[in-house]
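As written, the chains take the letters A, B, C, D, E and F, and residue 1 is the first residue of each chain.
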Amino acid sequence: MEDQDRYQRGWEKLKEVDGEAGERVIGSLADIAPDFARYLIEFPFGDIYCRPGLDLKSREIAVVAALTALGNAAPQLRVHINGALNVGCTRQEVVEVIMQMAVYAGFPAALNGMFAAKEVFKERDESGQN
Amino acid sequence: MEDQDRYQRGWEKLKEVDGEAGERVIGSLADIAPDFARYLIEFPFGDIYCRPGLDLKSREIAVVAALTALGNAAPQLRVHINGALNVGCTRQEVVEVIMQMAVYAGFPAALNGMFAAKEVFKERDESGQN
Amino acid sequence: MEDQDRYQRGWEKLKEVDGEAGERVIGSLADIAPDFARYLIEFPFGDIYCRPGLDLKSREIAVVAALTALGNAAPQLRVHINGALNVGCTRQEVVEVIMQMAVYAGFPAALNGMFAAKEVFKERDESGQN
Amino acid sequence: MEDQDRYQRGWEKLKEVDGEAGERVIGSLADIAPDFARYLIEFPFGDIYCRPGLDLKSREIAVVAALTALGNAAPQLRVHINGALNVGCTRQEVVEVIMQMAVYAGFPAALNGMFAAKEVFKERDESGQN
Amino acid sequence: MEDQDRYQRGWEKLKEVDGEAGERVIGSLADIAPDFARYLIEFPFGDIYCRPGLDLKSREIAVVAALTALGNAAPQLRVHINGALNVGCTRQEVVEVIMQMAVYAGFPAALNGMFAAKEVFKERDESGQN
Amino acid sequence: MEDQDRYQRGWEKLKEVDGEAGERVIGSLADIAPDFARYLIEFPFGDIYCRPGLDLKSREIAVVAALTALGNAAPQLRVHINGALNVGCTRQEVVEVIMQMAVYAGFPAALNGMFAAKEVFKERDESGQN
């Protein structure tokens, strides 16, 4: 498989999962690190997200869980709460994943995840999304 | 609902998810912090794991993802790789969740998660488990 | 002991430690995860903070230390700097706990803790609190 | 104040808090980074631990809390569980500090802290210490 | 060597590495923890940064890498991106260090580092710095 | 550029930086996640390590710094202390990078890094390496 395929496939997957927010991230890297933007499309989205063996919903559940637990990447957590909803998670499922993190990473991490979800849900309400 | 119910329900759920490893953790707390053993049964398992809104498989995917990403709780990661398999995840799904963490927490975290999975799979092979 | 007792006792303890900031956190969860608000009252405050064996001042010293060291939960750190002062720590004691973290979690973590304390002290000056 | 004073004062304080374990750490640095051993005596122990404004017991409570929460420095956690007991904390207080961390850093961090405490208590039992 | 020397030497080094941003940090500590400001000058800058055996450029590469990877000290990361440029790193070198962190701490950490670099580069453009 | 090139180039770079330890990691993934082994060769080594704009020595300084600071990936830290020495860092430079982390991630992280370096140096002494 040639790199052109990875890029194209990754770009489609990035748009499917992250939507406009993903495109904005790529755009914002154009003037400082365009190669990094390309890697971000190729490796996470062209290689990993396209793999069989785990459905997209479960991948996003894993990512929302990890970013809530780490607690040091707020913008990416918001992107992936949107991503989880974009690929078929319900809001309730997102809330449950975040709540589960109170047990494994503490209440502050879960609280900050919950407030991120609240913001994302409000934005989606305003633009008529699920 | 009375606390006796939470405890009983949590104890059943702990055995369902974590199996004997969970019981050993509870047992090992008996002489140093028996109340903490009780909280561990009541809150994570009696309250959180029993909630509707997210299936057990997804809860374990979230936990394996978070513990792989945090990278500082190796014994609990092994317990929950087992837990994921106990509640219906395939080995391939566990491997994919851990691989996904390379993107969100770096390759060292994913590598250490993968080596933990390898150990767990070997132990389960030896005892004839899925 | 019934759950109603845990909730009531937790609610009283939450108000004693975190004051209005704690009540605001609970209120902000009402529309997204009311059960999580309830757990937050019941487990941390109804179970843990009410335990004998460690005085409230020492519990808050432990929490300010941990949140300063983790460095990924800024809003909760401010709540608990207030909490430490609410339960009898002096401002100097809070400053010393944060400074101690320079040794165990690095100067950036301690600096960000110190700036959080500075904001909290200013707010308390403005409302005439200790 | 001259550096000789900082070093001497730090050395005394290191022995008071960390006991023989502290001396072993210093000794093990002699062949790889003797200056780092000197800084470890001078800054944490000569400067920070000797400060007024927070008693030694509270300093050790803060350190046990932070190292339990961070979860990535197991040897140092054991040294400071000993340290807490050396400067007057009861075993019950140490257990309570660690349990409190379940709320702020998750159950895995608290469990690993608890198992560290269990080991330390056993060693101290065997050598007849409090 | 007397402490007065450490302080003076540290102060010069702080200005060389961190420039005005470093002086502002010191100034902002004056009313809450002046001793901590002094330690910050003496230990990191008077002791560590002045050591032979590793050039200043490499020290700043190490610091930018670590703060990007930890992801929980955004203000200090910006100060040290400036610091790296102040002591001779090129912007490209800073970008490469941050990109390298995608491998070791994940893409979110690297992305947030990249956006911090973008801000710093813009500020330096506006004030005519390299 | 085709993927075959990335893989070949990555494999050469992996051997240059990590030596036999890198090959062992790749080998140990063969039965559990062979694709992950391939990604590890392609992305970190085929894409990132081969980039111009930052010399290999500086890349390894960045990695040793980050892994010391994170403190949750001990095996990878040892691999990259070796890596730093393999690509031209002196032992003194490695020690200085680790010592620098005491300032940015705390003394426990730096101590554990120092003990890892001590082990690596001993192994290299025994096999006659620099």
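FYI, contacts are C-beta pairs under 8 Å (C-beta built on N, C-alpha and C of every residue); 3 or more make two chains touch, one makes a residue touch a chain.
All values derive from a computational prediction rather than experimental measurement.
Within the contact network of the assembly, the step distance from chain B to chain E comes to 1.
The angle of the rotation carrying chain A onto chain F, fitted on C-alpha atoms and rounded to the nearest 5, is 180°. Looking at which positions face the partner, chain C and chain F present mostly the same ones, since more than half of the interface numbers are shared. Ranked by separation of Cα centres from chain A, the top chain is D.
Centre-to-centre separation of chain A and chain C, using mean CA positions: 30 Å.
Look at where the CA atoms of chain A average out and do the same for chain D: the two points lie 40 Å apart. Among the residues of chain F, those in touch with two or more other chains are 35, 39, 43-44, 48, 51, 67, 69-72, 76, 95, 99, 101-109. Residues 25, 28-29, 31-33, 35-36, 39-40, 44, 67, 70-73, 75-76 of chain C are the ones that touch chain A when the two sit in their complex.
Across the complex, chain A meets chain F through its residues 1-3, 6, 35, 39, 43, 47-48, 51.
In the complex of the two chains, the chain B residues touching chain E come out as 69, 101-109. On chain D, the positions that touch chain C within their shared complex are 43-44, 48, 51, 53-54, 58-59, 61-70, 76, 90, 92-93, 95-97, 99-105.
Within the complex, the chain D residues that touch chain B are 70-72, 95, 98-99, 102, 106-112, 114-115, 117-118, 121.
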